[in-house]
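The same chain A turns up in both complexes below, where it pairs with chain B and then with chain C.
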Partner chain A sequence: MEQIEPVERPLWNPYVAGAVLGLVLLASYLVMGFGLGASGATNRLAIGAAWCVAPHAVETNAYFAPYAGPGKKILDDWLVFEVLGVLLGGFLAAYSGGRLKLNVQKGPRIARTQRLLLAVLGGVLMGVAARLARGCASGQALTGGAALSVGSWIFMMMFFAGAYLFAPLLRKQWR
Partner chain B sequence: MTFPLFGHDLFGGYTGYVVGTLVGIAFGFTLERGGFGSARILTAQFYLTNMRVLKVMFSAVATCAAGMALLAATGLLDLSLVTIPETFLGPQIVGGFLFGIGFIVSGYCPGTGVVATASGNVDALLTIGGMMGGSLLFGAFYGPIEKFYLSGAMGVLTLPGVLGVPSAVVAAGVVAMAIGAFIGAEKVEAIFCKKTGDPVPQANPKTRNAVFSGLGATVAVSLVFAFLPKAPPVATARPVDQIGAAALAEEVVTAPESFWLVDVRGEAVAAKDRIPGAIALPAGTKGDDLLAQLPAGRTLVLYGQKELTSLPKGAAKFPGKIALLRGGYEAFQAAYLVKPAPPAEATPVLVAEYRMRTALYQRFTGVRSVPEPVQIQIKSTAGAASAPKKGGGC
Partner chain C sequence: MNTTLLESVTTRANHLIDPGLAIWGWQITVYLFLGGMVAGILSLSALLELRHGKPSSPIFRTAPFVALGILSLGMGALFLDLEYPFHVWRFYTRFQLASPMSWGSWILVAVYPAAFVFGLGSLDDSGRSFVRSWVPKNLEGLYDRVEKHAIERRREILTGVFFIGLGLGVYTGLLLGTMAARLQWNSALLGPLFLVSGLSTGAAFLLLTGLHEEERKRIVRWDVNAIGTELVLILLMLIGFGYGTESARFAASNFLGGPYTPVFWSLVVVLGLVVPLLMEAVEAKRHLPFTLVTPALVLVGGLALRAILLAAGQDSAFRLIP
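Coming up: the complex of A and B.
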């Protein structure tokens, strides 16, 4: 009964974390024949939510039609299950690592509401960008990068370029 | 057995979902332990005070690339069965750039956003909501951007393919670049943390060097395997049986549903004459696709004009048993497609064989002919056969 507060476990050595992540990705390739992803699942969730509200509009949309419609199950996809696993795995790690707490991640010089607005705005930008590029940091940079895909390496370089170029503008949010 | 396992049709869709969930749990757990559940750690990469993003991501890419190169070089992984993201040049340049901006504005990417949400960060949950909104926005404005979205399509384009080298060479380059970037990143962190007063990120140098050595050793071994002289594929690639002309002829008649008989001499040659029931192999990738798509339940029997010394490319993808016809078409032709000559000597074995060959000849060629009577020379041996037996066994 000495210790009630959960002790925060230190993060893994970044190179070890990277190697383990690489092995998880390799396992996915060896078992399933394809790698990891994330934005594909949020895309399907979004289409599914929109379909519940306005099924006709979704089924007649040129981009959404392949996902929704008679006989098509929007959420019946490997990625949806994988991302549910990510949610569960992240929760287990945060809980066992003593980092599970209600929080808003921000620097000290920005108001909470401003930060939350930016979080949504950045999400919208990434949502559009991930559709355009056919993947996100997981599906393109990590998965395609490891498979040595040319487009994925271009995506990775452009991702770093965009973030570095706009980082000075957003210094107030983080530093 | 080679990887990927799913290529062997071992399990159905729902098993895939179980595997997907397990892989996801491992992915999410590792991301959190890697520090990717915190937007402040993630964005510190771009203020140069903590380059965890680069370190974790590049070690992951290097580890997986090196592992795949090793397994591909040793023949354990069939890269042609692995799904590799396709390249769309323009959309990925613009998409990557926009994504980078979205990352520094929101503090997350989709995967880390899910992990940060699971850690209790409200901003991450809102980012995921924003991403869903972005998806819908993209769909709503798909009409005007469709042309750009579909532009620059280059199919599956890989660095080894473009450079024309084995993947082990590119993987070695990636590992070398990553280690160089890590050493550079640690120097940059030290400089910028001094300026801002942030604590310099510490990583146990022993562990770090162990990871570097592991990566180096993996690519070194894959390079050795990639450049080892390869033995002829028939000898090493997989066990290939041989089947004789007689056994094949019997199979053709008695059990035609037990094998796929494929004529690899080309469609034009096979159109003139081939073993009955044989499929003529189309040239090029069409033929490779045909071989790869034949159901695996039967044995794949291949023959050329003479005995085959190597398998056609697509045969490697045929999942079932493979056999080669001994002596090729010529052996079969000589045995069953030309009219057999009666045996010189009329021993019961030779006569039976002659009758069988004649029957098969008729069957395979459609030529109706009774076997010519075998001339039986009766040597008169006086005495022995002179006295007819009387009576007989009752």
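Coming up: the complex of A and C.
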């Protein structure tokens, strides 16, 4: 098969992308009646997986029980389908931008395994924190922020404060 | 009134006749999916050769035999679903003009010899010698005559296989479409819808095998047309249901706010049709390298279409409509 070298197209202007994301949020409210979210879908997937392995433990846990159990459709939720759409949209964007390839984005001095371990650790921390905060950057900051929820605005400020505080510690991983 | 009881009385279904009202499971989904895909593989392979001469990509030498293997897997799944599998032969004691199952049984029987003869003509000399080495001594004369016809009457065979493939594709949809008691299936568009979906999944299968550039472009172009037609047919089907009788509107509501809405729109329409269509369009416009993800998404969408329609159909039986 003839191989054509893809021509990478420039990335979108982040401010334009941000404004469009705001419109996506508006459309989500109008069409589905719900805002955007991400960690909620991961939460459901994780509880669903746990229920497959240890149903009794999940059904007797006060936090997990409302989600999973006999007759409950844990994946029948807007966020699960929305995240599927995010994956597809990201894939389509990468392909149309000529950037579709399998790679691990990392700094030049860090090994691939170490980078992946750090990413998993970061993901676990973020997941636990998002459940404690009852939402993540999209559920709390974007959706709650758009609804002018005070808690969401406090979350957003703390979110940025935390990022600025810890970024210097991890900056060398990217240099 | 109890819905199940109502249907039992109305359709005369009871535990002595039909012990269950939703009795088709994964086996029928797999059968319809693989049957449609085989229809696509056979029809598109035949059409490609009819229009552009013998294709050069390696898969086309063996595609008819591969298609028969896939069809046999599908029929194996169908066999698993049968309550009395050893009564199958009774289908072949007669032909019932008004029965889609009778049509289907005979089409399936026609596919095997047609695809075999098509395959013999597609193989190169060494391939044909290999096939011949498996033929019993007393049948060699018959085999030689078949092989001679397979090569000399290629054009007629290709035309026949093209139409048999279309028949197989339409039949998988008509099988459901003629069951008026199932509101979700009560549409004449189901036959054409399953046919274009079958052509699209057949194209996807061929694309996954790695085709030569020129042939890939042709198959992609046909696939774009099939996916576009499929989207139009789905729209027409929903419009037809939506502006139909009370029962048809109930069928439409399954996909427009009802329980099958999320899976139908996300897995079938967006993941299986819109995204692959956009990717194929973008690929051609921006000269991007071909990615196997596009046909893989088409296959997932094709399987989801059948699984969802099968489940929604069995769920949309006759009931009291408020």
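We take it that the second predicted complex is superposed on the first by the 172 of 175 C-alpha atoms of A that agree within 3 Å, B and C clash if a C-alpha of one lies under 4 Å from a C-alpha of the other, contacts with A are read in each partner's own complex, and residues count from 1 in each chain.
The definition used in the following text is that a contact is a pair of C-beta atoms (placed from the backbone, for glycine too) under 8 Å apart; a residue touches a chain by one contact, two chains touch by 3 or more.
Note that the coordinates shown come from a computational prediction; the quantities given were computed from them, not determined experimentally.
By the touch criterion stated above, A:A54 is placed in contact with neither chain B nor chain C. By the document's definition of touching, of the two partners only chain B reaches A:Q140; chain C does not.
When the two structures are aligned on the shared chain, A:L84 is found in touch with chain B and with chain C. Within the superposed three-chain model, A:L92 lies in touch with chain B and with chain C [touch as defined at top]. Comparing chain B with chain C, more residues of chain A are touched by B. Legend: residue contacts after superposition of the two complexes on their common chain; A:R171 is shown touching chain B, with no touch to chain C.
Across the superposed pair, chain B and chain C both touch chain A at residues 78, 81, 84-85, 88, 91-92, 100.
Put simply, chain C touches chain A in their complex at residues 210-213, 216, 262, 266, 270-271, 275, 278-279, 282-283, 286-291, 293. Interface residues of chain A, counted against chain B in their complex, comprise 11-36, 38-39, 42-43, 45-47, 49-50, 61-64, 78-79, 81-94, 97, 99-107, 115-116, 118-167, 170-171, 173-175. Touching chain C in their complex are the following residues of chain A: 1-7, 9, 76, 78, 81, 84-85, 88, 91-92, 95-96, 98, 100.
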